[in-house]
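Each of the two complexes below includes chain A, the first together with chain B, the second together with chain C.
Coming up: the complex of A and B.
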């Protein structure tokens, strides 16, 4: 099966459990299981090739320019991890079906689980490190959902947040590290990166990259000092703990260290950072685990300890140690997962996980006891189970590790840690199962049904089989996986056996087992001492840190973001001016090389009107009505200026937009105070004036300098001028640019316009649904009203004008391709034609005659534009490719047809709808009952006189 | 001619910015409108000025006005209308709901805000 399919199956399949939960919990679980099984079978079809030493690849170049490619590869290491993830995932799905209670939303659970599984499979199969980083973050996110699955438990929520924060920030660090590596090598493909050991290790950025990547790995794999999140994540349901925290997520960090081992390992920095961290974590985790009374906490710290062990082995940087690490990854997954499941079984029936309240369960739960016995003995490193084999290898490796010149330090500490791990493993067996049967269990302990015991029994079966026949069962897998870790192309020899003879590692094992047993006997006496000993509490420190950052950012945002918008605007202006001044001071500008246009009297008159009106807007801005009129003057002069400077399209657009803008502002002003009070102090006015003069000088100076010079690069306008007719079929280049060359831009723009109109509509709905409506209905006019709101002359004139205006709109629309005009302008003109009716005859009259809602007009406009664009797909051309031709209709002249005209129709409709929806929304505020007369045109010869008769009769 | 246009852009920008720094919504909207005009003219002028040049292709013409800035400014004008309309609507609704058209939050508003934030935090911690 293709690697793409394997990686995407869990994501695609994640929808099934959520949907099928309606068909029952079995259907939901079965669908999740089927998805996982299919992916697992797909993986296994690739296994023979990988075991032969081949590397299976699947590549799609997505954005090769950015180095972002969807490349996957499967080698021994990937096969090992993907197999663990999918295989154990299958067991977890079975276990969870019987573990979760009826009240838990099981569909959701399986969906999260599959998402997590997909992210994990993605990590281990990715060839591209950018892709890998995305999957890495996805595991953090999906594990957040899983850890916090019991939303009603505060510990669950806090644990989930802590895990997300710790692993998420580690992930951020890792992004930095990975990008540095990618930069050094010049490729983001792992297969390429792994070839460049010398290049990377010689780079001065090796150490920063190493530290950043290790930060990601250590947080994910709960290494000291980031180990604290793992025990808190135990608030998750047990299947989640068994899956994430024994077999998969916490192993992602190990996976990445193993993956990058060929290029990062082998240096002193690697040895001292990784091996030391691993060693410290291993010892610390083991010691804490012994004194935990909660079964899951014990297992959590033991996991921390075992992960430390593997990290240490990877840190040694030798081939034999790497092989031992790979072997222990398999062994740990089998026994730890079984132990977590057994803890869940005990919790399920005894209703407690507190070791102090348990004991003597052997009499009640013999099957569970067997599972725990085998798995825990394996964890303790007792022959003939698989844990013994890898622990023996580990101890042997520690003997050859020299730390700062002291040859036995590592070995001694490893034995010390092993001693504690023997003790806590025995404690799980001894304090929970052995001893006398008690009468005060909170629940009724009993062995579970097969749904719960099948998965752990299968895992313990593996523990035994791997222990007895390691070379036959997992030998080839360990060989290819370690081969991939070491990555030097040499075949790896893996040969494990239970009896090596009297070698030092055996003595170390014996010391650990005997010492561990003695330690366990003393545990009850040591526990009070441990509890009394002062030690830093990770959660307290973490909470204090988070709290500190929260209050710091709150203070910062309160200082910067105090709710004074005018202050933000001023800060923004100062900053912009400073940047501009810097650019002006440092940039070089060439000498003016362009002739200026001659000055004639007309532009001077225009300039006087424009600047006069502008200055007056500021001078009289307290009188809002007057200011609005003056703004209208400015807009009109600008329209004239566009026309004067050979831009008729702009002049037409500006003048029609001006009309609707002023109507809009007038409508709004109707409800607002008509005057602005005097508020600013003189100092503030001075400050604002300084800022605005600075801005004005900057903008004016810049455009003056620009206009005095020729283009420094050849303008792309030439291309448009040359191709407008031959390629777009139109002579009005501006319109052809809008509907053809840059049609996609325009398409986006009409969508934005439509969204703006719908936002306005939505705000109107919200405001009118609130208590504002009552106030509006009862409002008294604050200005003198016109005697007749709908003067007869105006009503008649607008109705006569309506068809004429629409005719003009149609004319402007059709000529648009070859003469000034087009959809934008035509839409505005048509909108004005309709607005006139609202103004003259009143909202009610116009609304009565409205046949189509404006939303529909916007929507149809966007749809027509989109469909026109998609039409070119049928001809096998890209979106929005236009086409045109000529037809002759006798007895008329030759006509041009162009698909661009259809697109322009979409623009026309969208603009019309958007403008109308915006204005109509505002007009709805003004509506008051009885405001409009029943007949806006009082004298209407066509009207039936029935009303008049009624009035007379009354 | 260029000087006239540049000075007009400068004056409109200056007046627009000044109005945008006022404390009531309506002057800010007027300022925004003025700045929009200035920006549109600025963009248009970046294609350099031309007088009496045809914007439409015809066989006799030897030179044309620059069509590209014109096309960009055309959409900019229409989008500016959409933006103004939304801002006006927000300002109007805010005034109608709060009966106040100041754009700066007063001290009381900030205080209320903090109260709510603390309240949420306490609820979270207590849970």
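Coming up: the complex of A and C.
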């Protein structure tokens, strides 16, 4: 199966569980399982080639200009991780079906899970680091949804936020590191980058890049000092914890370290940063884990510790250590996932995860005990289980590590950490299962049904089988995977066996096991000491930090954005003026090289009208109605100016927009005070006047400077003028730009317009459904009302004009491609024709006769535009390629057809629908049903007779 | 001859615009101002037609049609607002 399909299947399939939950929880779980299974089978079809040592690739140039290509490749490491993600994912889906209760929204759960799975598979298959970064961020986001799945629990929400913040900021750092690496190599393709070890390590930017990438890996893999988010993420449902912390999320950081190992590893910096961090994390995690009473917290810190172990192995930078790391990744995934699942089983039946309240469960839950026994012994590193094999490899590697000249320091600390991990593993067995049966369990502990035990039993089966026959079961996989990590092309020899003879690693193991056992016996006495010891509490520090930043940004944003438009405008103007002054002072500008036009009388009159009206707006701005009238003057003069400067299209648009705007503002003004109160102090007025005069002079000066000079580089207008007819089939360049050159922009804009109108409608619906409706209905008009609501003259005039106006709209629409006009203007004209009816005959009358919903008109407009654009796909051309030709239909003359006209029809409908929906929604606020005669100005004697007849009968 | 006539007419309508602006700026009832705006619209129509005539082109004609058709809609809306407070009842 193609790698594209494998990577995209979980994303595509994520919709199914959410939909199929309506058919029941089994259907939902089965659909998620089928999606994962299909992807897994697809992956396995590629496995033979990978195991032969080949690298499977799939490449699409997506945005080659940015170096962003949708390239995927599958080598041994990718196969190992993708197999873990999909295989364990399948088990988790099974387990979660029986773990989640009826109250949990299971469809949502599986959708999040599949999204997360897809993001993880994307990380491990990406061959492009930019693509990898996208998937990396997707895992942070989708894991946020999973960790916070139980939204009703504050711990869940806080844990999710913490995980998102820590891993997200690490991801941010990693973006920087990856971009540096891409810059050094000159390619963003991983396969290319991995071949440039010397180039990268010789670069002066190697250390910053390394630090940034490691920041991403360490936060994701919960390495010290970023380990604190992982235990808090345990507030998630157990299947999520099992999935995220055994096989996926936290392994992503390890994966990336392994992936970049060939180019980053082998330097002193790598050794000291990675190995030291790993060692510290391993020891610290193990020590804390022993003193945690919550089963999941114990497992969380043990995960931190085990991840530290793997990080340390990768940090050693030797081939044997890298092989051991790969092997331990497999082993850790198997036993840790089984342990998390068993913790969930215990929680489910005993209703507690507190070790202090458990004990003696062996009598009640023999099956669960067997699972835990095998998995925990493997975690402790007891033969013959798989954990023993990799732990012994680890201990052997520590012997050859030299830290700052001290040869045995690493080994001693590793044994110390191993000792604690033996202790906490034994504690899980001993304090939970062994001992006397108790009578005070909060629940009734019992072994679960097969739905819950199948998955962990399968995993423990793997633990045993890998332990007994490591070379036959996972040998080839470990070999290709470590081959990919090391990346020098040499075949890797992997041969694990249980008995190596009396080697130092064996003695270290024995010390760890015996010491761990003794430690466990002392645990109950040590615990009070541990609890009394002062230590920094990560959550408190984290909360204080986040709180500090929150209040800082709040203070900043409240100073800049206090909700008053005048403040935004003032800040914007001051900033722009300062920038402009800087540009003017430092930039170079040539002498004016364009001739000034002669001053004729018409522009002078226009200028006087424009400035006069503007000054009047300032003078009369407290009277809002008057200000609106004056704005009408400004609009009119601007339309005149457009015409005078040979832009009839703009003039047409200006006039129609003007009318719609005035109607819109008058509708709103109905509910607002008619006068603006005096609030500002003199000082403030002075400041604002200075600012606005500065802004006006600045804008005027800029325009004056621009118009007096030629463009410094050729303008795009030339291209538009030249290609308008030959390429777009229209002589009206403005329209061709709208529907052809910039058709995609227009397409986006009509969608935005439609969305805006529908939002206005939705807000109106919400307001009118609330108790505001009553106040609106009982509203007393705030000014005297005069005259007739539906004056006869106006009703007649508008009704007579309606067909004429619509015909003008049609005319403007059809000729738009070659002469001033087009769908946008035609849509506005048609909207004005309709809104006239609302104004003259009333809301009720007009709405009754409006049989097509405006939503439908908007939708059909967008659809027509989209379908027109897609039509070009059938000709094998990109979206929205336009085409035109000539036909003759008798008895008409030869005329031109263009697909752009169809697109323009979409624009027309969307504009018409959006304007009408917005105006109608606003009109509904003031509409008082029943206040109005049902038949405004319709003289119909028959109906009047019938009404009178009815009255007489009553 | 026609050129002179066009210039004379343009000047007249231009002065008309300025006089209307004077009405706007002066204190008067809102009704006066709405009427002044309406008259300005008429003057603008005339100016556009004259401008088209002087350049011998018909491209400005559509703009004129549309202003003529819809110029009154704004006026009516202003008037309705003053009379009823609500323009769509």
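We take it that the second predicted complex is superposed on the first by the 577 of 954 C-alpha atoms of A that agree within 3 Å, B and C clash if a C-alpha of one lies under 4 Å from a C-alpha of the other, contacts with A are read in each partner's own complex, and residues count from 1 in each chain.
The definition used in the following text is that contacts are C-beta pairs under 8 Å (C-beta built on N, C-alpha and C of every residue); 3 or more make two chains touch, one makes a residue touch a chain.
All values reported here derive from a predicted model rather than from experimental measurement.
**Student:** Would you check which partner chain A:632 touches, where first means chain B only, second means chain C only, and both and neither mean what they say?
**Tutor:** So A:632 only meets chain C here.
**Student:** Between chain B and chain C, whom does A:669 touch in the aligned arrangement: first, second, both, or neither?
**Tutor:** Once the two structures are laid over each other on A, A:669 reaches both partners.
**Student:** Between chain B and chain C, which makes contact with more of the residues in chain A?
**Tutor:** Answer, by number of touched residues of chain A: B.
**Student:** Identify the partner contact of A:819: answer first if only chain B is touched, second if only chain C is, both if each is, neither if none is.
**Tutor:** Once the two structures are laid over each other on A, A:819 reaches both partners.
**Student:** Identify the partner contact of A:599: answer first if only chain B is touched, second if only chain C is, both if each is, neither if none is.
**Tutor:** first
**Student:** Give one of first, second, both or neither to describe whether A:724 is in contact with chain B, with chain C, with both, or with none.
**Tutor:** first
**Student:** Applying the document's definition of touch, where does A:644 land relative to chain B and chain C: first, second, both, or neither?
**Tutor:** Both partners.
**Student:** Once the structures are superposed on A, label A:659 by its partner contacts, choosing first (chain B), second (chain C), both or neither.
**Tutor:** Second partner only.
**Student:** Give one of first, second, both or neither to describe whether A:699 is in contact with chain B, with chain C, with both, or with none.
**Tutor:** In the superposed model, A:699 contacts chain B only, not chain C.
**Student:** So chain A touches chain B in one structure and chain C in the other; where do those two contact lists coincide?
**Tutor:** The answer is residues 615, 628, 644, 648, 669, 819-820 of chain A.
**Student:** Taking the touch rule as given, give the residues of chain A at its contact with chain C in the complex, in rising order.
**Tutor:** 601-602, 605, 608-609, 612-613, 615-616, 619, 625-626, 628-630, 632-633, 636-637, 639-640, 643-644, 648, 651-652, 655-656, 658-659, 662-663, 666-667, 669-670, 781-783, 785-787, 789-790, 794, 801, 804-805, 808, 812, 819-821, 829, 832, 835-836, 838-839, 842-843, 919, 923, 926-927, 931-932
**Student:** So in the complex, the part of chain A that touches chain B is made up of which residues?
**Tutor:** By the definition above, chain A touches chain B via 154, 157, 554, 558, 562-567, 569-570, 573, 594, 596-599, 603-604, 607, 610-611, 614-615, 617-618, 621, 624, 627-628, 631, 634-635, 638, 641-642, 644-650, 653-654, 657, 660-661, 664-665, 668-669, 671-673, 676-677, 679-680, 688-689, 691-693, 695-704, 706-708, 710-711, 715-717, 720-721, 724-725, 731-734, 737-738, 742, 745-746, 749, 752-753, 756-757, 759-760, 763-764, 766-767, 770, 772, 775-776, 818-820, 824, 828, 911, 914-915, 918, 921-922, 925.
**Student:** Once bound in the complex, which stretches of chain B touch chain A?
**Tutor:** 1-27, 29-30, 33-34, 37-38, 40-42, 44-58, 64-68, 70-71, 73-75, 77-86, 88-93, 95-97, 101, 103-105, 109-110, 113-114, 117, 127
**Student:** Help me check something: in the complex, which residues belonging to chain C touch chain A?
**Tutor:** 10-11, 14-15, 17-18, 21, 24-25, 30, 33-34, 37, 40-41, 44, 47-48, 51, 59-60, 62-63, 65-67, 69-71, 73-74, 76-78, 80-89
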